[in-house]
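Okay, so subunit A shows up in both of these, paired with subunit B first and subunit C after.
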Partner chain A sequence: MTPALRLPFVPEPVFRQMAAMLVTLALWQLAAMGLAGRYMLAGPVEVVQHILQNYGLLSRALWVTFQNAAWGFVAGNLAAIGLALIVALVPQTRMLVAALALVVFCLPLVATGPILRVLYGPGPGPQITLAALAVYYTTFIPLLVGLRAAPASWFDLIRLYGRGAWTVFVQVRVMASLPYLLAGLQIAAPAAFLGAMVGEFTGADRGIGVLALRAMRGLDVEATWAIALIAAAVSMLAYGAIGRITRTKADTQPEMLMAVKPEPSAQLVSARVFRIVMLVALTAALVIALWWALMEIFALNRFFAKRPDDVWRYLVTAPTAQANRAVLWAATSASLEYLIPGYLAGLALGVAGALALTLAPALGSGVLPVAIALRSVPIVTTAPLIVLALGRGAAGTITIVAVMTFFPALVACLQGLRQTPGQVLDVMRLYATNPVTRLWYAQIPAMLPAFFAAARLSVPAAILAITVAEWLATGRGLGALMALTASTSDYNLLWSAIVVVTLGACIGYGLVSMVERAVLVRVAPEQLRN
Partner chain B sequence: MASPAMTRTGPEIRCTDLAKNFGKGATLLEAVAPLSLSFAAGQMTALVGPSGCGKSTVLRMIAGLEQPSAGQILLGGQTPQDMQRQGALAMAFQDASLLPWRSVRGNVALARKLARLPGDTAAVEDIIARVGLSGFEDARPAELSGGMRQRVAIARCLITQPRVLLLDEPFGAVDELTRARLNLELPPLWQASGTTALMVTHSVREAVALADRVLVFSSRPARVVGDIAIPAEARSDTALQGALVEQVNAALAQGWSDHAAHAQPWAAQ
Partner chain C sequence: MTQFDLSRRHLLAMGLGGVGAYALGSRGLMAQQNQVALQLSWLHSVQFAGSYIADERGFWESRGLSVRLDAGGPNAPVEPPVVTGTALVGISAADYTAAAVQQGAPFRIIGVAMQNNPFAIASLPDNPVNTPQDLEGKRIGMPLANMPVLRTLATLNNVDIDAIEVIPTQYDAAPLVAGEVDCLLCWSTDLPVAMFVRGIDSVTMLMADFGYTLHSQTYIATEDSIANRRAELVALMAGEVAGWNAYREDLDAATDLTLARFPDAGLDRPTQIEQARRQVPLMFSDLTDAQGFGWFTEETVARNIETLALLDMPVEPELWDRSILEEVHG
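The block that comes next holds the complex of A and B.
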């Protein structure tokens, strides 16, 4: 940027951002005009026109969705805090509570939506529940880290005066976990909006999600773009607003976001394997018991509220079991075919982007805030848009999954890279180490835990993305199967699909954790200790 | 400070065959080998010795923060846990370990709360002034220098008028001049009430200037290689002080050479 270009009295960053925005808008308009008719792209002028023409309708719908998201936000975060409290006060329950929380988080919203719709009847119940389900895990995990994120000497201080766990909790843990809680709440805000919108996709009568679905089905390009942009803007605003509160309320930033420190591995490998097997068995038993108990306690109709034995019969003992399994397997492999490339591409691009920005900082001054803002856009709500632009085939679906995993990976890696201890970098600077060596020996090891945390959380997110895309647009895979069975009341197949998806998500999450361990042991063993 | 001095006098501390191991199996580390020590009531003892010899570990066991692997600790006949429950212990940690979300005032006042003592705003202000931090009452630890943080930690110790005071390198990050001033001003705060105090320090001069007795340890596994009483006259007699410093240094050197006879000291770390 040459000084001659700078306007007088306009601070440079503001000027640069405004210029970038104007250029983007102009390019967008030109692209829309140039591609008119071939790609389904609406320019900014058309979008603004649409918003102005439908102002009343859009604002009423937005208000409905906002309320649902807000209630879901409150309920989900209260649940997260409650779970974290249990773990803080009874530390022995940590692994089990975390495993149960993961299983519930892995439930496919695409299928739970229609079932909740049948349970609640008309009204905002399903939207609020889905919003709560979408947020509680991303608050629970950082909170779990935060409740343990304090140096041992703070606990010593309390013990020195003969005080117990409760004083430790009140004086140390609550305050130490506050920055982590606020960071979790910030991520939860756009997630709540996403959950509410997915809930509205499943047959609500009001809300921005209903309008989005209608616009996409009617191939209304302007409306689709307008709604996607409104959803994006609201999410970014919510993210920004919570971020502002975070900065005023907590002057300490959380150390490494979302990276649960692995347990120390003093035990033998066989002992660890045994422990994991026990945990999985216990979790499975508890999930089945809870599932059964909930159905029986609320006396839910067996026609749509299937029990574990129904699924077992359907998939294993029924005469048609083999055919049933074949249907499920065909859908699963169709989904995996796009899910895996999209997931891996998103992660790889995220890492590559973060590394490139670190090696060429000039390129990326200000990229982190933009990336954080874009991460907050609930990608799934823009799925109709991507499908409009890229079509209903492989390209569109893979792109949706990749975009869903790209931004969290990019942000986590950029934040992880910044976690490199200052003294280590100073030492490297002292020897005039070249940037690549610095990256390899100091920055990448510091980045890995944050990267893997993002990779783990991206497994359920990618599954959500692909099932929504399949359901709304492509008509293939598990997403379409679940939508179809929900509308034809084939509840046996629907519940079986839920079991398969949840199990698959948990297995994927576990696989990523195993890769994480294997890589960290080799590359950054210090990140595994303590 | 209005001090109910007579009721809070310090106890005698007796450690019998005290030992501490960390880890087990191949990673077993003998931090403290059986060691018997006793400290007279109301006295201040300085502990000096090579880095890693187990001084902090001994202090932490006396504070009841670390469970001894063997042996017994009695403070006036009571266990460390009894003392904890009475709010009779205070310890300044090697790192200041202040709570970052509390101000200087808040950190100091917290100790009274933890020790179940009634709040006493005047006493808090007074002790903050005595460690030279007037004007910083509302500052957060992040806004203080390392030495200032250590002074807050000392104020936090003293505010509860403990019967046993444990100081682990309390002046480690304080400059020489401030350190000399604190050495003059702080001891009266606990000497008057007859507190039993233990202080770990790497400054032999400071040990001689502050303590009634200097205990010198060898490298790990620590043995007592010097037990030097500091007479009251030494406070004003710089020549005597110099001689005592020499004596402590000689004992430290003795501990090193003994050790070197059967092990490489650095390899033992």
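The block that comes next holds the complex of A and C.
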């Protein structure tokens, strides 16, 4: 950007962002013109026209969905705060509560939606609950870290004044956790909107999700893209607004932590393995007990509310168990076939993007807003569009999963790269180390903890992406299998699929944690210490 | 700035409107009416216009019934709310009901809104599918969940199923328009209508014309309701019958009512009126002209059972219970 090109009174970053936006819009319009008549893509001109013509309808729908998302946002975050307080007050429960929270977070939306609808009956109940479920985990995890993120000297100071645990809690821990809470809330905002939209698919009179469905089935590309744009804009505005509050209200801005740091390692490997096995067994037992107890307490009808023993019979002891397992396995492997490449590609691109931005920082101001924008577009609107553009085969589905993993990885890696100790970089600069070597020996190792945190949290996100794509667009794999229940009433299959998906997500999360530990032991052992 | 103020005032007005609607709603509840619910199988649209007419013109109110119409959707359960009693009646389909009964749901079909099954094969005129035989060598787009439907059509018409290439798609006409597939398995009343409204000519082959006999949009209720809540069931079905008869007499009025009742559902008149027209021949037949809306006979039931057997869903004729309709029309 030469100074001669600059407009008066427009600061350079704003100018660059505007330029990036204009280029994006122009490319978009050109693509739409190129694809005219194929009912795939509407250009910005048509989209704006549609919005202006349907202003009343769209704003009313948006208001409905926004309200549900907001209630879900409040409920989910209150739940996250409650869970974090339990952990803060009774630290022994930490791993168990975190594990349970993970299991609930991994429940597939496609399957929980209709079940919630049956429980609530008509009304906004499922919309609000799905929004709450979509947000609580990403708030809970940073809070867990935040409640412990206070220097030891503060605790000493309070003790010196003869105050007790309560004062420590209120004056130190709660205060220290506030920036982390705000960081969590920021990620939560777009997720809440997505949850509310998916909730509308379970039977609602109005809302953005209802309009999206109508548009997709009616070959109404202008409406489809207008809705995708509006949903993205709302999500971005919420993200930006909370970011602004964070900057004005919080003195310090923490790194955006997307997952708990790994537990400090026990001395012996065998002791650690034992602890993990115990934790898994305890979590599984608790989940099964809760599942059973809730269904019995609410006296849910066995026709659709299958108990753990129903699933056991269906998968293990029934005469058709083998065939049942075969059906589930076929669908699972069909999903994995696209899930794994998409997940890995998303992570790799995220890392590559972050490294490229570090080597050429000028790109950053243009790319980051676009990255945040794309991350905020609800997957339910993008999945069918991407499939439409890239086809129903591997390319489309893998892209959807990759998109879902790419942005968290990119953002986390950029933050991680910034954590590189300044002294190390200074020394390297002093020796005129070239930037690539600097990256390899100093910055990448510093980036890895944040990268792995994102990689872990991306496991459930990638599974959400693939099941939504399969359900709404490609009609294969586990997502389609779960949606199939609507026509077959085969709730044994649905609950078994929920178990498989949830278990799969937790196993994936565990595998990533193992790789993380193996890598961090070599490059960042300080992360594994207390 | 002006625009911002405008939108804020707009939002405020909408909020007040919401309060008003709420107050009206609760006044409706205060009247001495039996409140029941009818679970619809899809989003609100002209597909259920007969029910809206029944509600607006007081066909239920005059029978001492107040019916809440619960919207469906792509991820909405229809059968479970009926099993649990959230809804007194649900709008299902013979195959969905048969599957639910296999899973232990105590259902009976008490009326049939669509005498003819709406499943169709839609294709484009330059590469048309006019008969099931035309399917051989073609790429068909459909959710894999509908494989049994395609297999049954193939069996009924001696078509080699292996000669048809199935491309998994979800419910969307774009793959056909974009040339990804040669034809689609869909309802004759939705994707072909979407194409029609956009000015895309299409060929629709109704599967019911080729032996795929299956009642659709069937009214289901539990055995328990049929035994213990007969009066309400009769009143509900009587309102439905009156509503759908009124629908047939004036499709324009039915469409306008639907649009007026659901201004926020994103419905457009061209699509809705076309859908309203196309579902008439599916819902009304010589049989309903003679016996009344929703009717079925031992013979139509027997043909349904044959199709269901091909779909691997053996059912007994007792799944259909005409006693409620007999009271309505009797």
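Everything below uses one rule, namely that the second predicted complex is superposed on the first by the 502 of 530 C-alpha atoms of A that agree within 3 Å, B and C clash if a C-alpha of one lies under 4 Å from a C-alpha of the other, contacts with A are read in each partner's own complex, and residues count from 1 in each chain.
Basically, contacts are C-beta pairs under 8 Å (C-beta built on N, C-alpha and C of every residue); 3 or more make two chains touch, one makes a residue touch a chain.
Bear in mind that the values here come from a model prediction, so they are computed numbers and not experimental data.
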| item | value |
| --- | --- |
| First (subunit B), second (subunit C), both or neither touched by A:Phe201 | second |
| Subunit B versus subunit C as contact partner of A:Arg159, first or second or both or neither | first |
| Subunit B versus subunit C as contact partner of A:Thr320, first or second or both or neither | neither |
| Contacts of A:Thr167 with subunit B and subunit C, given as first, second, both or neither | first |
| Per-residue contact with subunit A, leading partner among subunit C and subunit B | C |
| Subunit B versus subunit C as contact partner of A:Pro151, first or second or both or neither | first |
| Subunit B versus subunit C as contact partner of A:Met175, first or second or both or neither | first |
| Touched partner set for A:Ala483, first subunit B, second subunit C, both or neither | second |
| Partner chain in contact with A:Asn434 - subunit B first, subunit C second, else both or neither | neither |
| Doubly contacted subunit A residues - partners subunit C and subunit B | none |
| Contact footprint of subunit C on subunit A as seen in their complex | 38-40, 56-57, 59-61, 63-64, 110, 113-115, 117-118, 121-122, 198, 200-206, 210-211, 213-220, 223, 301-304, 384, 388, 391-392, 471-476, 480, 483-484, 486-492 |
| Interfacial residue positions of subunit B with respect to subunit A in the complex | 60, 63-65, 81, 83-87, 89-91, 93, 95, 97, 99-101, 110-111, 114-116, 140, 142, 160 |
| For the subunit C and subunit A complex, residues of the former touching the latter | 7, 10-11, 14, 37, 43-44, 68, 70-81, 83-84, 86, 95-96, 99-100, 102-105, 142-145, 167-175, 177-178, 180, 190-191, 194-195, 197-198, 200, 262-268, 271 |
| Residues of subunit A defined as touching subunit B within the complex | 151, 153-154, 156-163, 167, 171-172, 175, 178, 251-252 |
